[in-house]
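These notes open a run of structures that come right after.
Two complexes are shown next, each including subunit A; its partner changes from subunit B in the first to subunit C in the second.
Moving on to the complex of A and B:
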């Protein structure tokens, strides 16, 4: 009896590890291993000798941090980062602002046709990014766009949306169109979770709907705003589909417009996977630092607010 | 004990490696000798539409007799496939046969992905023009591929609109520029054509016609001549036209471009022998209104053209049946039935000179029914193709072209500066990889 029980407890002790095995194995195989391989690749390079023809002319050698210094001193990668920064400065505030506005409007008491409106705003998110970019690309091309036709008929000026500054607006518009719905649903769900008593109390205190929105609803959905902001930063840094799809339509989008496009070009256009691996690692690091830096800052802000609340 | 065991393993591994080297050193005849005794099955990566039907002819005919079965795996075209082949080759798993554009051959050879099939296809050389054949040997004694299709460049124009505007077909580039200006005068909202920066092959072909040789070798070094006199002449010419607004600066292959061709907003197109196919889809409403003429020349009385596109069939170093694969590659691109099927199913213009005037090419393409001698003319033009000179990083030069010339066309600014960027980036990439580069 005693020995059996001991065996049983031993088995129980081992059980958690057994349960962990599938997840750990999958994590190692499909996450840690590829990342490790990318890191390994980023520290190596191909060395060619002479004309590079025939066998044995190409060898893979240790490069140390050469690929990283190369990436950091690459003006095209930096230029891409700046372009994406400019793009993000338009996309993130506009998209989240609209998402918050729509969520608040849907949550207000006097709204009509709420389910339909919610679906209509959310629907673009279901359209694949490439399709969305193609669709908008057509609308941006003066010769085939119905918008330009109308502008032309009305005798209004016809801006070139695929050039210079307007290009950023054109690209941002695609992202905002596609992303607002998703963010709105996240915020809206948080709004629905606020208990009705809170509103009742506010109304008894004589708060107007606007005051309720500004003083109660927005502060109470702050965590989901932080979350959507976090997602948006990551999505912005990884922008690839929209500029890649618009590229063939215009001379203004280069093959290395965004950092990820540069990685893609180096890996699959120029066949330099080592430089591409180093750049990908750097982009991942920057994404990590920016997004988690933001999360921590938001967290600290929350704690401070909470502390002030206690003091009062 | 385990120590000795491991040592034995290591030494036998070394022996295997040495054995393999010895085998490769003897050439592929020895390993093929074994392969001959039984049925062989080969994999073929290609992007040509309808290739499976052409390959069926082989599998049911000569392939069946020799027990060589070929399986087609349809691929994406161009640079993407080069990367895919190189990745597969890295894992030692490249298919037996691949379709490769001529300009990609040096890149593939420099990665040791393509086998020298000289001894298996030696006698097919006479079927091709020298300029075409030379692209598959890279100027060495080796043969890395069998030419499949070519893209000699030509001038396409709207016959009806040329007549309406009182234009004559330009025989020289100077006349071409005059024609462009005249179009602007007669019909200000129309353009003769556009300078498109989104297909580097077009510019490469134009430079080739002018006599440029972008990559040459001297001894153990590559010499990059992108920024040479001939190419600069071409860049200045087109840059000048774009700058003065005589032609459009928007890219090709966009919905807007299709519309411009279809509605007669652009009335000419510098293209290649495959243009009828593109025009059929891009400008369906103008069928029968276009005509083809030789490319304008740099000086009167000359007749030279460049090539834009074209590809070959190559055997990889990973193939375990190189002789069988080479045999298939030779059949595919020289056999009459195969070439007829290629023309019918895949719509290619054959590199094999004898095929250019037979079978499918005795009547004009449907879109050019108004020009009965289309293919006779095409074959004569193909004979005048200038030699080309590709190097191991054409992909890098092509990307540099798209970005630098795209920006220059957009800003209507100096094309020679863009050419300088292209030269600089190409040389820098070669040096970075460690190639010997002559300055």
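Moving on to the complex of A and C:
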């Protein structure tokens, strides 16, 4: 008994570290090491001497911040960032607006077919982004699209959905289609966690469902709205699959349409891994700054609300 | 537990204030919410319905008949797809199943170990370690994937199954969910009682804690399965041999070749249709085990 106990307490001290060995090892190998390597690469460059032929002609040398200044003055990267900004300004509000709307509708009284519609709206989550882009890509093609068929029958003009301004809408639509259901479930789950008593007083006072939704439900699910917003921003900054998949169908999506596509193009298309590493580092920095900035702003807002709640 | 299964009761109509106005009112359908949800469902089902119908059309019918009118070419399309490059399509499906199935299983194990340790033990460096692991979620996949490729190339592991499998085993989100779930589902006094009985830490974990964590771990498994199945960027960077492609990458290369030859459209469409089926089937089967409540539980704490 005594020895078992001693062994036990010895084990208790060591056990958590042993349990965490796999995660730590994987983190070091596949997160920390690649990040460190990317940082290292971003500070180096290849010097080509002579004609660049022979084994000693290409040498890796220290570059300092050269790759970063190069990336910051790269008009293609900047253009990609602006395109993604425009795209994000459509995707995030529309997707989260629809998700909130559907969640509130699911949570309202006397709604019919709720289980069916909930599952139907969640279904796109199971469809890979590449396949979603492919399906919508075909629906945007005049030859096979039902939209064009209807426009044609009605004698209306047929816009080219894969060019210019409509291209942003076409790409945003794919992201909205794929992401609304998941966010709806997150918000809906939070709505269901609100105890019924909260509404009772409001109902007795004769508040309409709209008033209840605006004044009680939405403020109470604010934390999940913050969470969905946070993840949506990160996903938007990293858009890659949808424009890459649409690329074969149209000439308007360049190989550097989004910043991540530019990184891929530089690393594997142009073989300049040093420039690609610097750009990837910049994108990661922007992501970190934006997401933490947003979380802090949201946190401050929460504290202020909580303060008001206490005062009341 | 599950938010996707139908509610067993209708609390909204069952609570006192809603019924106070009389039974006639209770039975009426609320038209606006129902209509809005039906429109949403229509929007979400439209592309899926289109691909189901389009996959039944032969190449000629695809361009000549109305979009939502079924064709007669399904059998022909399937055999074309089966014949394409000696059935490489089924290879892609098998690869996806391997990457997603094995990857998610290993990922769930790692998440379970870490989540349990972080939730039930007090030890130095616990919060630091947790925060460092979580920060992984913020890293854009490409900043990881490009150097991962270069490093794996040094180990001569690129263009192999391992190159796609290994980087996806550690899921920061999975560790996070497992910790939350273990904290809620494994009471400290049960673990302590096991220790009093002289059981070792490993035995307590496998015999006592693990069974309690199963519902949460099913959720971790499903999230990771979907994430790996849907992943495109990592295999796109790592692989060049199309015998090792997952279905997402396979379909993309098929589209890339087919964009200029409309004859290949039917192949792409039928392939897309079949690629959607496994995950939709998985969802319909396991939705009752999928506790998405975890998400909002996570939000609250």
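As a convention for this text, the second predicted complex is superposed on the first by the 288 of 312 C-alpha atoms of A that agree within 3 Å, B and C clash if a C-alpha of one lies under 4 Å from a C-alpha of the other, contacts with A are read in each partner's own complex, and residues count from 1 in each chain.
The rule is simple: a residue touches a chain if its C-beta (ideal position, glycine included) is under 8 Å from a C-beta of that chain, and two chains touch if they have at least 3 such contacts.
Keep in mind that this is a model prediction, so the values were computed, not measured.
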Task: Please indicate which partner A:256 is in contact with in the superposed arrangement: first for subunit B, second for subunit C, both, or neither.
output: first
Comparison of subunit B and subunit C by subunit A residues contacted: C
Message: Per the contact definition in the header, classify A:190: touching subunit B only (first), subunit C only (second), both, or neither.
response: second
Message: Which partner chains sit in contact with A:144 here, subunit B, subunit C, both or neither? Use first/second/both/neither.
response: both
- request: Once the structures are superposed on A, label A:294 by its partner contacts, choosing first (subunit B), second (subunit C), both or neither.
  value: neither
Message: If we overlay the two complexes on their shared chain A, which of subunit B and subunit C does A:46 touch? Say first, second, both or neither.
response: first
- request: Would you check which partner chain A:168 touches, where first means subunit B only, second means subunit C only, and both and neither mean what they say?
  value: neither
- request: Could you look at A:268 and tell me whether it touches subunit B, subunit C, both or neither (first, second, both, neither)?
  value: both
Touching partner for A:248 - first (subunit B), second (subunit C), both, neither: both
- prompt: In the superposed arrangement, which partner chain does A:284 touch: subunit B (first), subunit C (second), both, or neither?
  reply: second
Field: Contacts on subunit A seen with subunit B and repeated with subunit C across the two complexes
entry: 138, 143-144, 248-249, 267-268
- request: Over in the complex, which subunit C residues touch subunit A? Could you list them?
  value: 3-7, 11-13, 15-18, 26-30, 32-34, 36-38, 40-41, 43-48, 50-51, 54, 62-63, 66-68, 109-111, 113-114, 116-118, 121, 123, 126, 129, 132-133, 136, 138-144, 146-148, 150-151, 166-167, 169-170, 175, 195, 198, 200-202, 205, 226, 229-230, 232-233, 236-237, 247-249, 251-252, 255-256, 258-259, 262, 265, 268-269, 272, 275-276, 279-280, 282-283, 287, 292-293, 295-296, 299-300
Task: Please name which positions on subunit A make contact with subunit C in the complex.
output: 1, 4-5, 7-8, 11-13, 15-17, 19-20, 22-24, 26-27, 29-31, 33-35, 37-38, 41, 98, 101-102, 104-132, 134-139, 143-146, 149, 177, 180-181, 185-186, 188-190, 192-193, 196, 199-200, 203-204, 223-224, 227, 234, 237-238, 240-241, 244-245, 248-249, 260, 263-264, 267-268, 273, 276-277, 280-281, 283-284, 287-288, 291
Task: Please name which positions on subunit A make contact with subunit B in the complex.
output: 46-58, 138, 141-144, 163, 248-252, 254-256, 265, 267-271
Field: Contact footprint of subunit A on subunit B as seen in their complex
entry: 79-80, 82-83, 86, 106-107, 109-112, 138, 140, 197-198, 217, 220-222, 249-251, 253-256, 259-260, 265, 317, 392-393, 395-396, 399, 402-403, 406-407, 409-410, 429, 433-436
